[in-house]
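Everything below concerns the one structure shown next.
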Amino acid sequence: MLGYNRAKGLVNLNQKNLHSLTHYYGIFCLLSALLPTLGVFFIFTICDDLVFAELVKEYIPNEVINSKDYNFTIVLAQINNSVEGLVFGTPPQWVTNAAEIWKSWVIKSNILTMIVCAITILTSGFLSYKKIHSEFRSRNAVEKIVMTILGVSSVIAILTTIAIIFSVVFESIRFFALIPYDEFLFGTVWNPQFEGAERAGSGQEGLSQYGAIPLFAGTFLISIIALCVSVPIGLLSAIYLSEYASSKERAFFKPLLEVLAGIPTVVYGFFAALTVAPFLRSSGSMLGLDIASESALAAGLVMGIMIIPFISSLSDDVINAVPQSLRDAGYGLGSTKNETVMKIVLPAALPGVVASIILAVSRAVGETMIVVMAAGLAANLTANPLEAVTTVTSQIVTILVGDQEFESAKTLSAFALALTLIIITLGMNFYALHVVKKYREQYE
Amino acid sequence: MNKKIINPEDATNIVKNSILKRRSKDSRLKLFGRVAIGLAVCFLLFLFYSIFTKGYPGFFQYYVTLDINFDRERIDPKGDLSDNSLFDGDASTIVNESLFSVVEPKGRKEKKLAKKIVSSGKDVRIAKMVKDDPSLFGTVTQVKFALDDDIDSFLRGYIKRETPESERRINDKVIGFIDKLNEEGRISYEFSDYILSGSASGNPEMAGIKGAFIGSILTLSVCLLIAFPLGVATAVYLEEIAKKNRITEIIEVNINNLAAVPSVVFGIMGLAIFISIFGMPRSIPLVGGMVLALMTLPTIIISSRAAIRAVPPSVRDAAYGIGASKLQVIFHHVIPLAMPGMLTGTIIGMAQALGETAPLLMIGMVAFIVDIPNSVLDPGTVLPVQIFMWADFAERMFIQKTSAAIIVLLGFLISMNALAVYLRKKLERRW
Amino acid sequence: MENKHILSSFDDDLKKLNDNLLKLGNGALNNFDNCINNFGTQELDEIEKVINGDLILDDLDDKVQKIGFEIIALRAPQAADLRRIIVALKIATIFERIGDYSRNISNRTKLLIELNYSDLPGVNIGKMGQKTLTMMEDVIESYVNEDDKLAVKVRNSDVKIDKMHTQYYLEIVASMQRNKKLAPTGAHLLFIAKNIERVADYVTDIAEQVYFLVNGKVLSDLRPKADESSLIIPE
Amino acid sequence: MENKHILSSFDDDLKKLNDNLLKLGNGALNNFDNCINNFGTQELDEIEKVINGDLILDDLDDKVQKIGFEIIALRAPQAADLRRIIVALKIATIFERIGDYSRNISNRTKLLIELNYSDLPGVNIGKMGQKTLTMMEDVIESYVNEDDKLAVKVRNSDVKIDKMHTQYYLEIVASMQRNKKLAPTGAHLLFIAKNIERVADYVTDIAEQVYFLVNGKVLSDLRPKADESSLIIPE
Amino acid sequence: MNSKKNDLKSLELTVGDVFSKNARLKARNVNVFYGENKAIDNVTIDIGSKEVISFIGPSGCGKSTFLRCFNRMNDTIDSCVIQGEITIDEENIYDKKIDVVPLRARIGMVFQKPNPFPKSIYDNVAYGPRIHGLSDNKEHLDNIVEEALKRAGLWKEVSDRLSSPGTGLSGGQQQRLCIARAIAVSPEVILMDEPCSALDPIATAKIEELIHELGNEYSIVIVTHSMQQAARVSKRTAYFHLGKLIEVGKTKEIFTSPKHNQTEAYISGKIG
Amino acid sequence: MNSKKNDLKSLELTVGDVFSKNARLKARNVNVFYGENKAIDNVTIDIGSKEVISFIGPSGCGKSTFLRCFNRMNDTIDSCVIQGEITIDEENIYDKKIDVVPLRARIGMVFQKPNPFPKSIYDNVAYGPRIHGLSDNKEHLDNIVEEALKRAGLWKEVSDRLSSPGTGLSGGQQQRLCIARAIAVSPEVILMDEPCSALDPIATAKIEELIHELGNEYSIVIVTHSMQQAARVSKRTAYFHLGKLIEVGKTKEIFTSPKHNQTEAYISGKIG
């Protein structure tokens, strides 16, 4: 505001010489006052807990420190709980004291933060205000600041990836320190066991086996079933919608199919487990087939339904993106619709169609809830779709749900599984992009 | 020359001769297309049908109407309507007495059985009633209580009278009590007041989705607040500002890859980073929201970038040509024009987040939490996780409750999508 | 040129062309008028004016040719516009030529004055000149008004001039045969008469161009011709 | 026309124009050649041929005008192409006019034969004709070869014809002054000489057009003129 | 030229000679509607055999609409209704019995923007003969492709890279490829809708040259915005205005002395 | 015209007079590269004040590239490098001190395809004055908008619907709107890159008429594919070929008697 006014003042003095529009001066002042202040504020809020944690050590009685099972983290948690008023049982007196002192620090630090912030806001505001004169390019300065903000936010994407990779890779390394990777990759039995038993060294370690082949086989089986359902239905629907359907039909059916994509997977899982699986089982037994109540078939079928719209909608989009002029060319030469679609439009749209299928596959591979709920947890190595199988994702969920200790091989195995899963899906993603790129280069 | 290119008359004849065959091929493809769409739509309808038929009864349950004597002494011994006082009160006994007066159980055993007919939440209900309306004290009022889930199942006919007593979950005595209640017209089938206002509970007749619903909203808010600004800012940066070089290329590949990472992995990351390293508490919407935000970020970025790219370059040229600066071009032209696309992408991302289950399982939002969360730091759960948990419970009634919760979730989703459509229509004054 | 072109500069160009052409036409008309008058009045100053004035007409012709050429090059005129330009180019050449004839007549008039010329019997150059002048006025009017009927009328009246010329030719030669001293005078008179006849011919050419301008086709029926001066031996 | 147009039909059109123009030019050259020859040989048949042949030239001129007009309308020619067409239109008109003069000379030759003409002293129409003929041949060659130097040369040689004409004019008038019977013969001879002089003038006009065609600008320096027949009183 | 002549109301409207001695396509009293909106109003015209005729007129006057009537490309637009009669060799193309597929093989079309298929050059040209079964062996097909490319004046430029993608050619080459593709199915008539409007002057000149040559073998109808183009390539020109056919005539006459005032005004740049 | 003249290597290349008595823009030995590829090769030319000059030449010869050097629109292309000097009123526009924003306000630009903002007609025209702060009250802004629309010859057609969307206008009107938008910030020079190539002949004629009128007040540089257009609108014409400036001269001379063979060949349709 001040900056705006000052600029206004300058305007009155000499309109022509002012470099930028007046409100840029205002925004500039605002930004250059607020940003440092925000920074200071964050530093304070993050630091104070750490500083306090150091300081509070003084208030921990020596005997506690010296005692055998002293764990600063636990003690700190106790103090923190006490600060927040959560009292479990009667804590030792020194904890309460420490908490009291902590509380007083919090108040002090809050006041301090406020004061420092105020000072920063004033100084930086003042400095920027000083900077305003007619030659100052406030617009350029504002733009630089805003662009930096935008740039920083795009780094988040990288950070996320790094975070994922770190979290997964590190834990995986720990896992492979416990279990040799060839056993993990090539073992055919998946049977993670209670860590308790392991730790106890009760001679039952042998029971615990981490061969991931059955999991991948299960994943593969279910994905294949899903694709068998979704590719023909999805592609044919896409072709029909984009080429044969009237615009009304299209406007009706396309969103209808997209509803399938919007349904949460847990709903599909529920549907698969409670409707499809029993139905398959009863109709199987009528045919004399023995179908497990949790079968790959049920999960695969439902997953297939789920990914229909990925194929149909995306393919429909890419088919539609094929320029009308190509169709005109086809019809102009006397093609039937069939010929136009199959020989001109589809080949032209092929990269997109392939990409949509691969996307669907990676969905299927990464899909969790349906398999958790409908495919079972039995790590069978089988190609029979009528039996129960388990998948990578469902194992990850089973292992990691609930409280777990990060030291056990079982918990860590989930990370190893996740790592392989990432590698597979990323591989497919890369491949899809590559295919698209290749076709594009060829035909553009 | 004419040998090479067939002369027009011959060509015409050749074409005419083969036309029938080509036409029939054409109609075949059309038929296949229709069948495919029909199948897909059938699946959809069947899914909705099965969920709806299962879920519809889930909104209702059986109640028993009992005459309750609101005796202040017994209900609110301290007389200040405080929680402690009501806790010390003896409301359940009053209800039981009223019940006994109707079904007249004989002996301790029968009394014990009879007590179970009414759901265990009866005292809470009475406490709530008097809190809302203290004038009830001293009156004798008819009050409806939910029936136990087994009784409910029995009344719905899932538990058959014909089944031998030993294989039934309720014995003949209880059936007798119910018949008695029924004769007096005290049993009614009504819209359940637990499903929408209750929260997680081991007793299916008292389980509701309010907690999960609030949890979902909190989680989603966190997700939106993080993902939308970040996503849009990133998209703008990548499309409009960044020079096309190695770094932006890496960022781009990264984002595409993030979109392909299965959602469980985000859960794992949340678990490993937020909970294990930063030591944040489990089960809180804040962490859930952050995990979901990271998961939806690529969706938002990609759709925002598509929307930005769809802004015709000619508009940018026009603005630059007239002397607009980069930022002016972005904020005056690109973002307003891309907004519908960005919003649509965001809402789709949010819908995805809303339905997402697996990553939240990882970070412990699957815990059994009775309390309704008040803030993003209170432990809570979300609708899809609730559905997942209920789906696992053995009690018959939970199937209906689950389906009912699914209906609510779908309703939520549909309204979000409707919002997306509406927003897009409203903003899309593209002229 | 009833309605305007969308490109006003095209109209400007056409106007410039037309203005210069009319200036040229009027200049030629003026010069011819004067030279015919001067033939009667025998005023030397006036005669000099005509002779010197011809340079202006030459310049105007050059200008019209240049403008026309540029319009064709820059504007790719079509249909009526193109006809207008092509016709303008041709008419301009003709006007320039008429200017030449006026100068030639004036030159010879000057000599005749020195020779103390007075009309030969049966020869009335003035009358022939006046008739031609009227034709010329008419044809300019027909061009300005795009009046193809008038143009055709003008064209058809050329036959009178032709007849007159044949007659005068015979009379002049006859006079020369009678009186050999008249040879120089007669020679000049012969050429003057011939020149006027040529002017009338050119006027009919203009008339034909006007017809083409208006109708987009050439006036094809053969023009009646009656100049027999090169076909008759004077007795 | 070194390199071809992308549109071959444009080249075809230009070729058609050029062919007809050359046909016309050669026709006019031929007629003029014949009429000059016939003046010496006095063969009536040949003379008739020239007179009748003029109609063909008229048609050719019409054709060139039409083709040129259509090319301008349909092809929007530019630069050299446009100059070529405009020049063709102008040259065609001139050739046609030269044809007219040939016919006129032939008509008069016929009469002279009837009058038993034999050359007057100091007058050599044949020589004057031959000189003009050579000029005409040269100018056609300069057009075909786009040889502007030759064209300028031709133009500058016109002064000789002019001088010759002045001289012949004086001689003829002098003869008529001497012998009044020569009046009809003299009159025709005067016109024949004048006509040849006009043809030479037209040839210089063609030469100027060739210059313009090649160089894209008008040959501006004033042409030397030496026809003083209208400025001199024969003694 | 025939007794029908007098029945044609449209003749009152159109100046010039709409009939052609050896007509290949005949349109009689054709009206075209887009829903309520009349886009073509009672047009009667003949397209002669082996002649190049151009349709000119201001934007939106219905040139394209009328052109697309000839091979029933308008069928693909739902709201479009066509009245009147269009015959090719005396056969009504809007007859119920007529199948559009062979019709379109007989009447080729070239579009405003070059639209080669994203296939190889060879496959682009071979596409038509393949779907119509015009050739049963590879050799014959090769011949057809070569001949079509030769006629389209493209053979020299592409003969050594027949298997490279057609979309990799320059705009003008692409358009010639499209013409070759149309030629390959042995059409009798080729319809062209502003075939040069996306091209630069040099590419345009090449296409015009090609049209000029093809005019000796095919009937060609060309819609163009450029009067100069109509003047350069066609023997006859038809001027449309607001859906009406105002004037037809020899191109030379239309551009030197049109008979109708509106034609004159349009041609000399006076409308607006 | 100045002592520098002799230093200019490019002068050896260019036929005709590249200099202008009252030059507003001066380009001296300008080279433009796209990466390795040289798109403009040593071009020197003056743009006079209040003159309409057109750039013609075959596709890809660098007309657009050179045009966009004048208002630094090439800055938006990363790979584009510019050498040499371009001055406006003796101020080097590629100087480090120069801010492109005010520069582009001084040198307006009109593009090939009409590109109005998807805003109202009023806002389209008012946008420039607003961002440049040319007016501080509504009334003044209204005046600017009205005046710009009037100069662009659009006022009559749109004065009663200023608040309706600019994109709802016809192509030609849109292009005039874009011109009005450029005029509204009071530029000194207007650059136009094939401003009529997306328009039909009638709309084109209107724009040409407008350019002709504006030529009295602004320096206008127009890139065009249509030689006829260059002939019609400009006083001077510059012919480019393969990045070189081959010939500059009065339009009349270029089109009646060009001096360079290549110019002649291009103008009369012989290149290819």
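As written, the chain order gives the labels A, B, C, D, E and F, with residue 1 at the start of each chain.
Quick note on the criterion: contacts are C-beta pairs under 8 Å (C-beta built on N, C-alpha and C of every residue); 3 or more make two chains touch, one makes a residue touch a chain.
Bear in mind that the values here come from a model prediction, so they are computed numbers and not experimental data.
Chain centres here are means of the Cα atoms, and by that rule the chain farthest away from chain C is B.
On a Cα centroid basis, the chain most remote from chain E in this structure is B.
Think of the whole protein's Cα atoms as having one middle point; the chain whose own Cα middle lies nearest to it is F. Of the two interfaces, B-E and B-F, the higher number of touching C-beta pairs belongs to B-F. Chain F has its Cα centroid 51 Å from the Cα centroid of chain D. Chain B and chain D have CA centres that are 104 Å apart. Inter-chain spacing, taken between the CA centroids of chain C and chain D, is 21 Å. Shared interface positions of chain E, defined as residues touching 2 or more other chains, are 101-102, 105, 131-132, 185, 202, 205-206, 227-228, 255-256, 269, 271-272.
Residues of chain A in contact with two or more other chains: 139-140, 334, 336, 339. The multi-chain contact residues of chain B, meaning those touching 2 or more other chains, are 15, 22-23, 325. Listed in rising order, the residues of chain A touching chain E in the complex are 246-247, 323, 325-326, 328-336, 339, 343-344, 347-348, 442-444. Taken together, the chain C residues at the contact with chain F in this complex read 5-10, 69-70, 73-76. Looking at the complex, you find that chain C touches chain E at residues 3-7, 10, 76-83, 215-217. Within the complex formed with chain C, the chain E residues making contact are 227-228, 255-258, 264-265, 267-272. Touching chain B in their complex are the following residues of chain A: 139-140, 142-143, 146-147, 149-151, 153-158, 160-161, 163-164, 166-168, 171, 232-237, 239-241, 244-245, 253, 256-257, 259-260, 262-271, 273-275, 305, 308, 312, 334, 336-339, 341-342, 359, 362, 365-369, 372-373, 393, 396-397, 400-403, 406, 414-415, 418, 421-422, 425-426, 428-429, 433.
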